[in-house]
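Each of the next two complexes has chain A plus one more chain, namely chain B in the first and chain C in the second.
Then we have the complex of A and B:
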């Protein structure tokens, strides 16, 4: 009788990269649907452009590096990066924004570092920051939700705006964003930031532009965030992501926004607004949880998420940019190796580092 | 004898311009390299200033090398470099005021540029004046070339122009040097900002390494001649 002796690991969870990526891509659907419902076809068109460019770039780089094409090209990671980038780009931004962004994400942030598993930064967010820093005008012109627009923004109009800068009737994005009273409408976070720097209080801003914020917290955005929350819960149930990062991220946002709000409620928005405006839920469930760029142990992930939440509140309340998910994700990516170094779990049989010193 | 000296100069030039280039290989003086190369004109201005200081400080250090006590040589070198930087700074203040303003703090900061003190310490303080000045010239030229390449890349990507503001450095006639290669409605700000300099620098270093490895691959390999012995193994069938 012969025993076949194999080396460890003896148990495999039989999950492939492509299966995980497919699951995450499926989980973005509710959020993308909400975006489509409130902001029109723009983001779907951008996602399409981003996927095309990302796959072409990936194909070129992989063939230059002599890597097996069908293993890496179709593992879904490039598609997921492209989808996350397409979601974050303003719906009516010009087409070349997405092209530059997705090429940068795949070529520089992912492949130059050595491909999937070796990238230090989240490719989609690094590309988003590149675009935001390079083209501040195009990257901040989110149009208001469709219900506030003067014209009907259907698929053809969105397509024409993205590729030519004007709708079929000849409206520019600036004109689309102009309210009937003559001021420019922006995202709730942007409106808040701009007017706070002008010296208004939260209450005054809400009274001056009630339509931007809607009846609840942030018109349109609250449903987009709810959609990504739904997708995130689906991922948690499917055990595709670990609970630690979203919980500690949202928890630390709760704590720090509560501190700021109780310190000065006139200038610091409440927690629910922070949770439901901008890219909070997308960041919490889809971006911070990227297994390549986050910390590895549970303790490390709790610290990682808490740091990210703190940075988001800090930048949103005090910094110069309206939203802060991308910046804090990149800063936390940089901190992840250090966090890992200090939170190495104790291996069974090994003492704590202090004990080991004594044993020596 | 002449053969030997000419090969020595050749070696100095090869070291300064390519093999041991201060910008690409030694990675010295990165602060001005990355900070002021947003346009070709700025890059050229700083490159020329550094070149001038490097040649004159190398010559001076080499000239006094026999009288400088070893213990206090570094302060003396810094003093010499600072004197030349002050000269260059006053000259630029007088003749190219616009460029002087746009280079700002990076002009006096040439004093702390590691390329200069490095060459003074490593080469000029041990070699005769002629070779030391030539070494300064080659190292300075190598540094300036890297500055220029970075300036060209960043100005092209950032503004779509070349030699914008060359009249600040070269006089009024140079205003006609400005070339508008292409025109965008929105600038690619990243190329002008410091991160763009890091990206461009990384790509240039990668290109240099790629060229080096290609050259190395093309060279015939020198095989070490080993004496081959026939091994007879009677057990093997």
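Then we have the complex of A and C:
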């Protein structure tokens, strides 16, 4: 009778990577819901396109690499990447943007580097940056929240816009973005950036375009961010992600935005605006925390998060792009191996203990 | 220090990094008493059941052994003996699968119990406090006790510590799931355990004794608390349940907040840790003279119908235990020795229980699934969060897979205690520990190879040097020898004369010996001749006679003598060789000794009654193997002393050395005769000793040759060298041991042997007369 031989430990807590991925996917629901509520069906449609493309790409590549499909195809990592990309793309961007993005994310950023666990960059963010650089017009065509739209952007309208460029009634995205007063509405961050470059102060911008910012900080966006924050807290409670990165990231954003704000409140928006505008919370809880591409040790992750926060503030306040999550994520991904090199934790009984010296 | 104790008293513990809480699963066996089981049909005893080296086998196939009788003995501090767990017959000794993760075959002894369970003679120790520390430590070592908590580190080594011991920690944490062996032992035998702790206390004199028990064992805690209530330096520490609190390093951190430095042992912090089961075994060994022959084993898992703790004799096949607990064969059989976290899979169930086996886990496929679900590491870092050694398992596995050994060392792979916490939580279900084991083994192998290469190189160079040196020496010797020979033959100097007389003496002795064995009448005559020729003191002769008679007596206690013979065999050989040097110096003493012997022989023939009387006291003593040796030495001393009185020309010391040498001379006189020319003998010695691995012996031989030249005792030197040669021949194999033995012992042994031989001759003589 052949006995089964296995290496210890024989016990396992029965957790699975795919389960972890599923958890993260579930945690995006509140944010997506907020997005749907404020911006309509656009992002959901993009998510659908992205998942389809990502899975097909993954399937082809895995087959070519002779990897076991059952283990990897539905491990959730490709789906998660697709969802994150779908969330980040402007709701009414044309369909091919998502197709190119998701194929690039899976094929080049993930699989060409060796597949799950081997990619140096966050696939969703790398794809996003590629798209932003290649198709700046489409990638900045954020529609304003539904409440500011002249028409009712229902599912069919959104679908039609994504695939044909026009709503069923024949409006183009450009037209949708035009305010009744005749100016083009952009995202709050965009608006801010454009007008700051034009020499206006924060106060003046707010007074000129109050509807973009709404009553609080950034109309619509603040709720989307709140949704992702909620999902992130859920992940923290479930211990699916480590607290270190979100905490250090948001903390460093707080510190640096506060420094900038106190330096010149006219030109630098306050912390709450930074936290609640753009993709901050998505970045903090879902993208920077992507374990594959972040630093390893707790200390390393604290540094990693802080660096990301610093870069976001730097680019938003000084740099040329309105939002900076994707760029700073990629930069930090690059820095991660270096951070890891210098933040190996002290092992039990190693180094600092004075006993070691005594022994010697 | 005081803060540590006050914290402990308050029940505040330090936290070690990480740790996990796997399901306890102790309920299977938690509330059932330890059961005695039927005697198995066969016991499979691996010769090595601990960390270290295996002992030397002292029984052979077919021997009948008694319960508790040692089966191996140890010459090495890291070797502990094993004992027969019951009386029976040694059936076979060969390699067989043993309880070790490597799954290698190792030498095992197969014992067939006779069913009588007859004990060897035991010597109970009423009051161990009358024994010296060393005596107790020896008792523990001889009882074969090695750490029973898992690693199997020889216990006596831990007790033989020099530094001041601050904390003696008794580990009753038992943090692995399923296992309840220590728990039950603490509940049922708390008094014996405390007795064992007191013995340790007596040896180590620690400032504090901490008994650490996880808080999931309330009954054991209560039992131990009651049993130790009167000991005010014992502190029962109820620590939180967390895996792996029971790990030595983790427990030390939990209790004292200190970390054992990398590469050091806990005693560098003044801490000694022993497992509760070990304490139990120590108490039994020291007080009741029961060696380590049984232990408590938890037989558990859903595949056994009656999971329970049992008293298992060491060597009990796992199959027998399973049958006793009604194992239900599974479609996919999986047996784990040890717990689910650190235990290892058994290759089959014909493996014997060893000293470190605390659990046999027979799970169903559902209970512990064995699917290979490994996917790539997603670097989630959960493993690093739980690693009690604060390592980065994800980096380690990455480098282990890439065989990047330098990086592995940098990430402190060797601080990994293989607790398995990382693999337990890994969502990618990577068998991390498995990769570490492979990597560790490979790194060790590499290091060994490097070391070997270095050693080989050093050896080669040393050999080259030695050969060159020897060549020079040889040439020098040839030259000197030629000169000396010329001088000896041509001149009529005193030197030459003495040399000649030495030859004569040697010849005479050889003749005497030959005559003895051949024709008794004639031999005694020739002896008388020599005696008459060389005037001698009667006293010395009597003394020699006594000594020999003693030797004879000890011979009459046959078995004991045999043991002495056996153990001394290598020593003797060395002695003969080494004594060659002084022998050359004291030719005169030798002659005298030979004379004395010859006389003594006669005396013995005549005055047997007288000598028997004198040696009666010694006779009783010599029944003991250990006393036999000193006896012999004593005898020699008397002899030499007497001889010294007579031969005042030479110093006492030289004489005592000369004596044994002289006794051996007899053996090789024939050879010496055959080698009339020193030069040839010289060459032979060099040649022979070259084949000898042992450089030390080699040197001695060379020095002996040199000495001989300086003194110009040419013929003597030839004799000595011939002797050395013979010695080299006889002890080539045993050479290495000889280094270690005490010089005195060697001399004694040599004398004893020489005497014994003489005695034999005497006996023959007597018989024929």
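Criterion: the second predicted complex is superposed on the first by the 338 of 360 C-alpha atoms of A that agree within 3 Å, B and C clash if a C-alpha of one lies under 4 Å from a C-alpha of the other, contacts with A are read in each partner's own complex, and residues count from 1 in each chain.
Everything that follows uses one rule, which is that a contact is a pair of C-beta atoms (placed from the backbone, for glycine too) under 8 Å apart; a residue touches a chain by one contact, two chains touch by 3 or more.
Everything numeric in this text was worked out from a predicted model, so none of it was measured.
Of the two partner chains placed by superposition, only chain C is touched by A:350; chain B is not. Using the contact criterion defined above for the overlaid structures, shared-chain residue A:151 touches neither chain B nor chain C, since it reaches no partner. When the two complexes are overlaid on their common chain A, residue A:108 makes contact with chain B while staying clear of chain C.
Counting the residues of chain A touched by each of chain B and chain C gives the higher count for C.
When the two complexes are overlaid on their common chain A, residue A:29 makes contact with neither chain B nor chain C. In the superposed model, A:136 makes contact with chain B only, not with chain C. Common to the chain B-facing and chain C-facing surfaces of chain A is no residue whatsoever. Listed in rising order, the residues of chain A touching chain B in the complex are 108, 130, 133-138. Residues 1-13, 15-17, 19-20, 71-72, 75, 77, 115-118, 239, 242, 291-292, 294, 296-298, 301, 340, 344-350, 353, 355-356, 359 of chain A are the ones touching chain C in the complex. Within the complex, the chain C residues that touch chain A are 16-17, 20, 22-23, 101, 103, 177, 249, 253, 258-262, 264, 268-269, 329, 332-336, 338, 340-349, 361, 363, 368-370, 373, 375-382, 384-385, 388-392, 394-395, 410-412, 415, 418, 420-421, 423-429, 431, 433-434, 437.
On chain B, the positions that touch chain A within their shared complex are 186, 188-191, 193, 195, 199.
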